[in-house]
Amino acid sequence: MDYKSVIDSIFAQVQDLRGKGTQATYIPALAAVNPEHIGLCLRTLDGQVYQAGDAQVRFSLQSISKVFALAMAFSMQGDSLWTRMGKEPSGAAFNSLIQLELENGIPRNPFINAGALVMADVLIKHMPQPENQFLDFVRSVSHCPTINFNYGVALSERSQAYLNTAIANLLKYHGNIDGDIERVLQFYFLMCSVEMSCEELSQAFLPFADHTRPFDYNGVRLTSSQVKRMNAIMQTCGFYDEAGEFSFLVGLPGKSGVGGGIAAIYPGQYAVAVWSPRLNNKGNSLIGMKSLELLTTLTAQSIF
Amino acid sequence: MDYKSVIDSIFAQVQDLRGKGTQATYIPALAAVNPEHIGLCLRTLDGQVYQAGDAQVRFSLQSISKVFALAMAFSMQGDSLWTRMGKEPSGAAFNSLIQLELENGIPRNPFINAGALVMADVLIKHMPQPENQFLDFVRSVSHCPTINFNYGVALSERSQAYLNTAIANLLKYHGNIDGDIERVLQFYFLMCSVEMSCEELSQAFLPFADHTRPFDYNGVRLTSSQVKRMNAIMQTCGFYDEAGEFSFLVGLPGKSGVGGGIAAIYPGQYAVAVWSPRLNNKGNSLIGMKSLELLTTLTAQSIF
Amino acid sequence: MDYKSVIDSIFAQVQDLRGKGTQATYIPALAAVNPEHIGLCLRTLDGQVYQAGDAQVRFSLQSISKVFALAMAFSMQGDSLWTRMGKEPSGAAFNSLIQLELENGIPRNPFINAGALVMADVLIKHMPQPENQFLDFVRSVSHCPTINFNYGVALSERSQAYLNTAIANLLKYHGNIDGDIERVLQFYFLMCSVEMSCEELSQAFLPFADHTRPFDYNGVRLTSSQVKRMNAIMQTCGFYDEAGEFSFLVGLPGKSGVGGGIAAIYPGQYAVAVWSPRLNNKGNSLIGMKSLELLTTLTAQSIF
Amino acid sequence: MDYKSVIDSIFAQVQDLRGKGTQATYIPALAAVNPEHIGLCLRTLDGQVYQAGDAQVRFSLQSISKVFALAMAFSMQGDSLWTRMGKEPSGAAFNSLIQLELENGIPRNPFINAGALVMADVLIKHMPQPENQFLDFVRSVSHCPTINFNYGVALSERSQAYLNTAIANLLKYHGNIDGDIERVLQFYFLMCSVEMSCEELSQAFLPFADHTRPFDYNGVRLTSSQVKRMNAIMQTCGFYDEAGEFSFLVGLPGKSGVGGGIAAIYPGQYAVAVWSPRLNNKGNSLIGMKSLELLTTLTAQSIF
């Protein structure tokens, strides 16, 4: 497969979409990002790297970070994690309280905010230094020791996090947060604030595409079966209430973030990361979605 | 891959689950089925067939038939079909009216009952003899001219179909059924009543696993991309509110029915059908689910 | 109290509201009513009658008829009626299916459509000739032997009653309709189609304002306590999801109908009926609501 | 009316219910109250006082205090208060987040927790010393200068107020709290912690039964019409999701609290307060509900 020409073609084709969609502006730090950025990086299991545009500019991972949190929580807890959350698509917005109230504080899956807050609680409970250990893991899995939190972004998010605070309190009311609510929220927003480039992010997702080597990064160990199951959750739950659409149009497991990034994998072949800050009306990167749709269309490769 | 020993091993292992789960008994015809049946059939793209147990006994497809209805409706309408229904997981029971009311009569996807009723309406509107044409299609795709409706089952279901009648009326109220409600319901239940064996069902699903040959059966034509997209919908929506669990445990696109059948595919490799009437608490065949979980575990093959 | 000048003053003041609001047009028979009608009639326990405008023109009672159905069902069943429905305000639209599904087919109260359908089922089950007996009762309580159904309106409503048919089927699914669905629907729509003038309707409601004489009309007998309890239900549930607003602005027990009528009572003093076809956005007569608000404001009399 | 013998009879009859129901124990201070207490006090507009049992023992008003908060907020804001909350029964539990999310942060009425939190925000915004002014008002309206907050109860509630904190954050997210969330919550719980006896509480509610004298207590002024409208809101919204039942059985405007108190009024005649800590399954005092049902039954007096 000539991925180079595919990536170049995608980059050329999405130029027409510049200006479409709406950048997230609910905190100043995200609003300040130049919305014109477009970055792509595809990295194959056999070590090839293809990139275009701003593939080396770092951006805020936001919800993409939940994949790393899940890797850590799943590694530590195994299937007992599923007593505290489900693994079903929610059929609702990522920040809705309705389902959480109806289902007595058990989040539908790890990728809606409620589920990620429970994971933050799990990590805090079981690790002496959760912030450091989270950072060590993402640095390890991405082979990049300079990756870091953006504390300003995290603080800025915390200061206006009314909805997430409501969710955390509802979880606590139902006994599904053990620790201190404020501690959980702060750790949650720190994880979301991690910044990577497409080049780094594609590296960090490569192990999810590779079932031949053991997943073992800084003590975070997953069996081949567990990695596949994480991919399954990405597939069904990775795009909020647009998971079906992404599956339909793209056909790869992946995860998006409100910063405009999307990471996805083609098992046995490659990991890919795209970034463009303007979002569609479901909160997923508009150019990012289109880029990945073009990728599986041009290559005629998808999991289906 | 030695599928023969895998199938044999699965069949041996699931014997322990005999008697677990609960058979559907809401109509006499389903209640009368011997619940002890277990059938498996795996059929590869290169023509190998592996079976075990009651693989040649026919059973009621029920919701599995929605895959054939979708093939016909998608073939006729293309993407304009999605103006009348979504392709997102519902996050709710297959027969719930709540989401349908909140979303103004637009079903979440083609595989919940509301979506299937809309498909029945589409087929009735665009085909002079929908029953015959549906039957011709399933006979063609399964290479089996003796496949037929079970009129007794269909009539029996119709006579107690209060919930589906409620759904059909709510759809009509919102303008999402063009035709006569009674006509739509009768056709819907006829489609559900089709009977196949695992051997026949695995044949009928094989084209969904094969992207190299054109999908063209009795005038129902789908592009390779459309077939993949149908697989994507099976993956995210094929198991009611257990789609995430099936994806997590099994990792194959598929569709289940309340008669205890499940059909699934591994793109590029095989189609598989399992049947055992006793259901888990989500309405999916208990032994069927376990069989497919064992299949992907023993072969270490899944789409993830 | 000089009710004559109060009624005259109300009639004068509401002239400014002519043309505001929207007439119900979902069936031709209602759409054909001249929307300019305004009728008022107040009738005191001591036999005085005050009227203005089109007080002698008959209109379609629609949901106001549910008060008569409740009187009959409550008379026959007593408090065992409340095993099949509640008596709480619904907090939702009168025709919503959501609450009914969540609460397993038990309607919130007798005045939402689901509750009225259950009452229709009760009356059919316990009376040999429900249509005749219903008519006899309303003729008796209104002292007017010419009151009748409008069969054309009933048939017209039935022909498009998709939402009510959905509700009836959902009730049946949950076992809360004993009889034939079609029979129940036809009787329900016949009851709704009864026509009265304000003069007649105020007479028919007068017994609800009078606790000194026994309620006994054509065999429909209610104790003084039961009459008060019916008034309580009118107060909390009589105006769909505008019950609180009506209670706040008017402060009288009452019941409205989509035909533009409202009947209300001031216990110990009077019954009042108003009619004007144009509705506010909650489905209650715009001029009717204003008239009654003026009535309790000008008289400084309300139950509060 | 011989209220003395009525009160005595009620007190005698409810003895059989001792031990039924469940005391609120979610905070130690409420759990520590002796659940055997039963107090009643009826106070007529012409100055008679009838009491029985522990009518002079103070208890925690909890949600009954919302009536005083509404008097203050309505006095200050008039009908503009209704831009920030409704006055419709909620049809849902007093502490549910579902309706609040669906209706974009506008509480259904002032007596569910969300509405009371918005009122706390209003009072904080418009009064320099809200705690003092609230206390001055309740002391004035009850003619009792020793009434006070119970700071221990308030702190204890605050420490576990996960659900109310969730509600407050959801309100803030929707822009329906102006001030600091923590400040609002602390003031809310202080108001709830006010303690009165039945004797004092009946005095404090007497002005709501009296439309002949102006309502003017420590600067809190309401017109006669506004007092009636407050009564209307008590009638439709004063008993959580048991408002219809209370209206049906008792037929008086009133307000209950989780401490086991209920206050009610019969306009033009009397105010009544009852207290008994054990609650029915809807969270209203079991003996209190029965006492008031007996009161209107024995006197044959109610607003209906």
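First chain written, first letter: the chains are A, B, C and D, and each begins at residue 1.
In the analysis below, a residue touches a chain if its C-beta (ideal position, glycine included) is under 8 Å from a C-beta of that chain, and two chains touch if they have at least 3 such contacts.
Since this is a predicted model, take the numbers as computed values, not measurements.
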Regarding the subunit C and subunit D pair, does the interface count as same (over half of residue numbers shared) or different (under half shared)?
same
Most remote chain relative to subunit D, going by C-alpha centroids?
B
For the Cα fit of subunit A against subunit D, please give the angle of the superposing rotation, nearest 5 degrees.
180
Separation of subunit A from subunit D, taking each centre as the mean of its C-alpha atoms, in whole Å
47
Using the average of all C-alpha atoms in each chain as its centre, how far is it in Å between subunit A and subunit C?
55
Report the inter-chain centroid distance for subunit C and subunit D in whole angstrom, where each centroid is the mean of the CA atoms.
32
Where does subunit A touch two or more other chains at once, residue-wise?
none
Which positions of subunit A touch subunit D when the two form their complex?
96-98, 101-102, 162-163, 165-167, 169-170, 172-173, 181
Given the complex with subunit C, which residues does subunit D contribute to the contact?
86-92, 99, 108-109, 211, 224-225, 227-229, 231-233, 235-237, 241-245, 247-249, 251, 253, 267, 297, 300, 302-304
